[in-house]
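Below you'll find the structure I mean.
Per-chain numbering from 1; labels A, B, C, D, E and F assigned in written order.
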Amino acid sequence: METVRNDGRSAEEMRPLVFHPGVAPQALASVLVSFGNTQVICAVSVEDNVPGWMKAQEVKGGWLTAEYSMLPYSTATRKKRSSNGKVDGRAVEIQRLIGRALRAVVDLEALGERTVWVDCDVLQADGGTRTASISGAAVALQMAFRRMVREGVLRSNPMRQLVSAVSVGKVGGMALLDLCYTEDSAAEVDMNVVLTERGEYVELQGSGEEATFTPEQLAQMLELAHSGALQILAAQRAALSE
Amino acid sequence: METVRNDGRSAEEMRPLVFHPGVAPQALASVLVSFGNTQVICAVSVEDNVPGWMKAQEVKGGWLTAEYSMLPYSTATRKKRSSNGKVDGRAVEIQRLIGRALRAVVDLEALGERTVWVDCDVLQADGGTRTASISGAAVALQMAFRRMVREGVLRSNPMRQLVSAVSVGKVGGMALLDLCYTEDSAAEVDMNVVLTERGEYVELQGSGEEATFTPEQLAQMLELAHSGALQILAAQRAALSE
Amino acid sequence: METVRNDGRSAEEMRPLVFHPGVAPQALASVLVSFGNTQVICAVSVEDNVPGWMKAQEVKGGWLTAEYSMLPYSTATRKKRSSNGKVDGRAVEIQRLIGRALRAVVDLEALGERTVWVDCDVLQADGGTRTASISGAAVALQMAFRRMVREGVLRSNPMRQLVSAVSVGKVGGMALLDLCYTEDSAAEVDMNVVLTERGEYVELQGSGEEATFTPEQLAQMLELAHSGALQILAAQRAALSE
Amino acid sequence: METVRNDGRSAEEMRPLVFHPGVAPQALASVLVSFGNTQVICAVSVEDNVPGWMKAQEVKGGWLTAEYSMLPYSTATRKKRSSNGKVDGRAVEIQRLIGRALRAVVDLEALGERTVWVDCDVLQADGGTRTASISGAAVALQMAFRRMVREGVLRSNPMRQLVSAVSVGKVGGMALLDLCYTEDSAAEVDMNVVLTERGEYVELQGSGEEATFTPEQLAQMLELAHSGALQILAAQRAALSE
Amino acid sequence: METVRNDGRSAEEMRPLVFHPGVAPQALASVLVSFGNTQVICAVSVEDNVPGWMKAQEVKGGWLTAEYSMLPYSTATRKKRSSNGKVDGRAVEIQRLIGRALRAVVDLEALGERTVWVDCDVLQADGGTRTASISGAAVALQMAFRRMVREGVLRSNPMRQLVSAVSVGKVGGMALLDLCYTEDSAAEVDMNVVLTERGEYVELQGSGEEATFTPEQLAQMLELAHSGALQILAAQRAALSE
Amino acid sequence: METVRNDGRSAEEMRPLVFHPGVAPQALASVLVSFGNTQVICAVSVEDNVPGWMKAQEVKGGWLTAEYSMLPYSTATRKKRSSNGKVDGRAVEIQRLIGRALRAVVDLEALGERTVWVDCDVLQADGGTRTASISGAAVALQMAFRRMVREGVLRSNPMRQLVSAVSVGKVGGMALLDLCYTEDSAAEVDMNVVLTERGEYVELQGSGEEATFTPEQLAQMLELAHSGALQILAAQRAALSE
């Protein structure tokens, strides 16, 4: 028997994936990525210096860092802008994840003394904003590096391979791929997996806040994740070959 | 003799005006407004309560407030996100202007005990972001109120008329309409004018940081502003009648 | 028929103007300015360096910046001190206005690598604190520059001319000069005008929060503003010639 | 051939585990936990109210939240205290993990309208501070709940089972259990696993910042994690039965 | 042999004392106090509620709290305004001292459910700003309470007696009364003493940052303090009887 | 008749004093000090640079600064961690006192261009946390300097003598030494005295928030303080000679 999801998808099916380049023309490169109704602006900027701690520790090469934010009108109930030092713990956690995921496939030393900023601003939130952010940012980053090579700023592209990220979860006892908001709210287990083009893991974050999961369920969810990553990768490659 | 501007416009000509509705589907109403290369996301949300000071002072009716921000990738050099209580004085000034401009044409008492949030996030900055914000926000606000009436939340539309905003300036001694960034940087006088559909003033802010201006130059700039407002008004009406 | 205002003034009459120098003896120069019951301490200090952005952009010369604050006991209801990153938007707007107004008449390049700080602290608030601040600060600034020339720090006075600022408004349909607090609270239109000694505009800020204004009303208010500026100028010159 | 680690351990061996209760006598319950040289004070406090969002959303029952901090003298180079809104992203991430891990085994509804605070302050840091924190906090939490039952505050113990947490990593191509600081600094892959008494997963966080990992390596690390969890569990039970 | 101080005073002589009432007309009561060149605005305001902790702990009566700040132009080198959460430790210490000193002579329960705010803003700093603040604030507070009694807000004056505060120090081995800035900078021991009209101690703060002091020197300094307090008390009474 | 205190002590008796070294092994030196139930972790760290103001003013030598905090679980009711710029005035006051007390007995110039950090974190609070902090920090500091001499970092020990600190108070009209929390809460007068080995004063802070004290009472309390200091000194010396 087939799983019937609200939007008619099967358990192992991604939502429609769109990578729309050029949404922020002042950025070095930008992509508006959609995973169904989830939409994120991913933009890449470059600065010609490195963070203070790199200078202090005399680390060679460059740095890549990410910032993630939800625009106030991205959710059904307006989300206050963070300010006055009030920390948005979830956003901090997500932007650290995005940064680590991308640094894993970039040769930072080859960047030279530069900082790459990856901004991910959620325009519409319907579950999976962090996985859409990483997947979209990987495309924007690849575009940015290609441009830097084309413009003679870099001798070769420091990005070793693409990464894609996908969410999987256990909802009502069933493993589902790419959860939308209503599924995510009802999930017993929520897992985000970042994978390289070669199918290796970059990040794996599984969490059962109101439940736990067995090794068998883990295996099942990881299988779904690999299948989802292949779907995303195809869409990323298509966007990059246009 | 004709003025020749970089982009081929005459002195009294607006840049191409586009009001693209629906850019942020979770908002009550939203518009992506373009004044040439300047692009701003304008989105309207509503909350069912009012600020503390209104309750304390027992003011009847509702409130309308605006927030303005430049996305980090909206400028050629990446703009840091404001946080940690570091005040962005320019943004504070602009969001206060947007709020006042819109409140002037809205019957706040008719709103009921509600707060209307108007968010303006600049996606691409090329001069005139505050005037594009006000002009786009007026359209989004009108759409939001129409929807609230349609859905039975409000009995009648509390917006008395449209407002539009336009920048004029004195560049190299000449009065120009709707300055782009390079013109704005070189301007001796910079003026922003908010006008109603009936051609009355809502706000008038003229500033000569490195120069002053005579009553004659003021008159000339105000004339340009009225002409620009008519052009914007036509585009606003067209967007609202679609 | 004559307008009868609460304090017996005619529509085009300023409140009593006093410029009392030397109120803060540690400052380079200081003035306690009174526009009727509105009293502001204006003090000028100088530092031998310039802001970081000027060094970064290699801008020559100096800078002038203003800070405005209302002392907690300047209003009938005690005003909390701003702290903890809570932004006082109105104060930010006013101090930016004061800074721009003064920079318009100062030759910043002639200042040398220095920052001039103009502090305006309101001791008693009864309407028109921003116009009193600008008018008083102009006198204190002129005194400070004269002292710097006298003491051999500057070769010549970098202040090209005086500025004065005045508020005008539409109250109950009538145009009034120099509004006190009760008039200001009832005003339909509120306008602040900064003028040079030669009668040219430096800043013009008109705002109709609950109403709009016609070109005719604008003309009438500007006429009042010019007349008020002449009265202030006379008092400023008298204070400077003592 | 045996792995030889700096401290003489085999690859699948935990450092000496100590759970010393009562270190903070004012707390409801407290434990000083040691994983080798890593020492963390874990203390539990209870407040008779719940966070604002629970009241707003009318969620029944209680809440559990954690705070994690490194004491300034816990590291070889003194660590500045966080203040002034400067966010310590790593600490935010860790305290969110601790909170989720414990909430997964606690029946929040059975808590009643209470907030349980779990504070983890690192006294000495030598790798694995987050896994020591979770493992120690689980013991302190169990002690606190037993005391609340004993004192008649709770009818039954809301903690369904113990949790333990363990780090595993890939260092120089080899999978190692419970990494100390020098191993952690050299690790290509770093994984933290939170497991229940029944051997089910609560949290799984694997990260390869400069490298990626294959499904085979994942399987190998998970196996080590299960073995480590059993060692911790034995020590936790011993501490609780004293 | 007589001590010769820079300003010609003897060791046991206060600087000229002036208590000028009414400097801030919007306050309930205000005094501009001068201890020689040190000038402080002391102003009293009253709010009809009490701090949250009093309500929570169901403490009866009212509260009195003080805020101390140095105006930016009160010192030879401009002092930055405190903002953005940057703590001015010295100011915190001083305002806590002012609050304690005044609460010691006020019957808080007789105040009713009110908070008395005492603001002390230094206009010119030349040593002894905290003692001038306390001495001036005591006069302003007495005036405020008398007015509240006169206006029927309070049935009787809750201030039991006056307080005065005085600094004494050991400079070059000699005990001196009421140190000015240059003396204070050179002092080996710095002591601030708050005394009641009856000659009892309210606060005693002695500090030898680069030196220590013997019981004999303490006795000598306390004697000077009592003599200074009598001089201040006479001036306070004179101001209050005007 | 003998005073009977809750814990059976006489009026002039200290609580049991323990100085337990090595509690924080990563610090240069550390001591867990107990005054009865009051327990404070005192740890010393050294950095090879000095604060910005010392460089700016070209002050020779080094600096010593202290930070004081109460761990959240040190009090019966959990104490919130300070963050987001919310100032804990009491903690600021205490850490400034600790810093001054220690600087009085250290030859800062002999330190070289170094900053000594003294961290005092209260593990259990039962009155007298500031006096325990100073007394414990003096021991840790002495240990740190001996180690620096031993390791050849300093040529000679820059600490001229030990300091100890003790609280005395007037409770129910009687002078008591070393107040515990319940005594402190009931005290009419609270005094903290910092004394050198030679019996000279370093700091003296007496405060009567709801009462005042006479010269006779001051003398009596100072006598108690000297006796308490001798008891502490003996315990400090014992700890240092182990």
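FYI, contacts are C-beta pairs under 8 Å (C-beta built on N, C-alpha and C of every residue); 3 or more make two chains touch, one makes a residue touch a chain.
Predicted, not measured: the structure shown is a model, and the values here were computed from it.
**Student:** Treat touching chains as neighbours: how many steps, at the fewest, connect chain D to chain F?
**Tutor:** 1
**Student:** Between chain pairs A-B and B-C, which one is joined by a greater number of C-beta pairs in contact?
**Tutor:** Result of the comparison of A-B and B-C: B-C.
**Student:** So which of E-F, D-F or C-E is the twin of A-D, meaning more than half of its contact pairs are the same residue numbers?
**Tutor:** Of the listed options, the interface copy of A-D is E-F.
**Student:** At what distance in angstrom does the C-alpha mean of chain E lie from that of chain B?
**Tutor:** Roughly 51 Å, centre to centre.
**Student:** Please compute the C-alpha centroid of chain A, do the same for chain B, then give the distance between them in whole Å.
**Tutor:** 33
**Student:** Approximately how many whole Å separate the CA-defined centres of chain B and chain C?
**Tutor:** 27
**Student:** Identify all positions of chain C at which a residue touches two or more other chains, and write them in rising order.
**Tutor:** 83-86 - these are the residues of chain C that touch more than one other chain.
**Student:** Any idea which chain D residues touch chain A in the complex?
**Tutor:** 84-87, 89-90, 92-93, 95-96, 100, 103-104, 191, 196, 198-215, 218, 222
**Student:** Any idea which chain A residues touch chain B in the complex?
**Tutor:** 23-27, 30, 37, 41, 43-45, 47, 67, 69, 71-76, 78, 81-85, 117, 119, 121, 123-125
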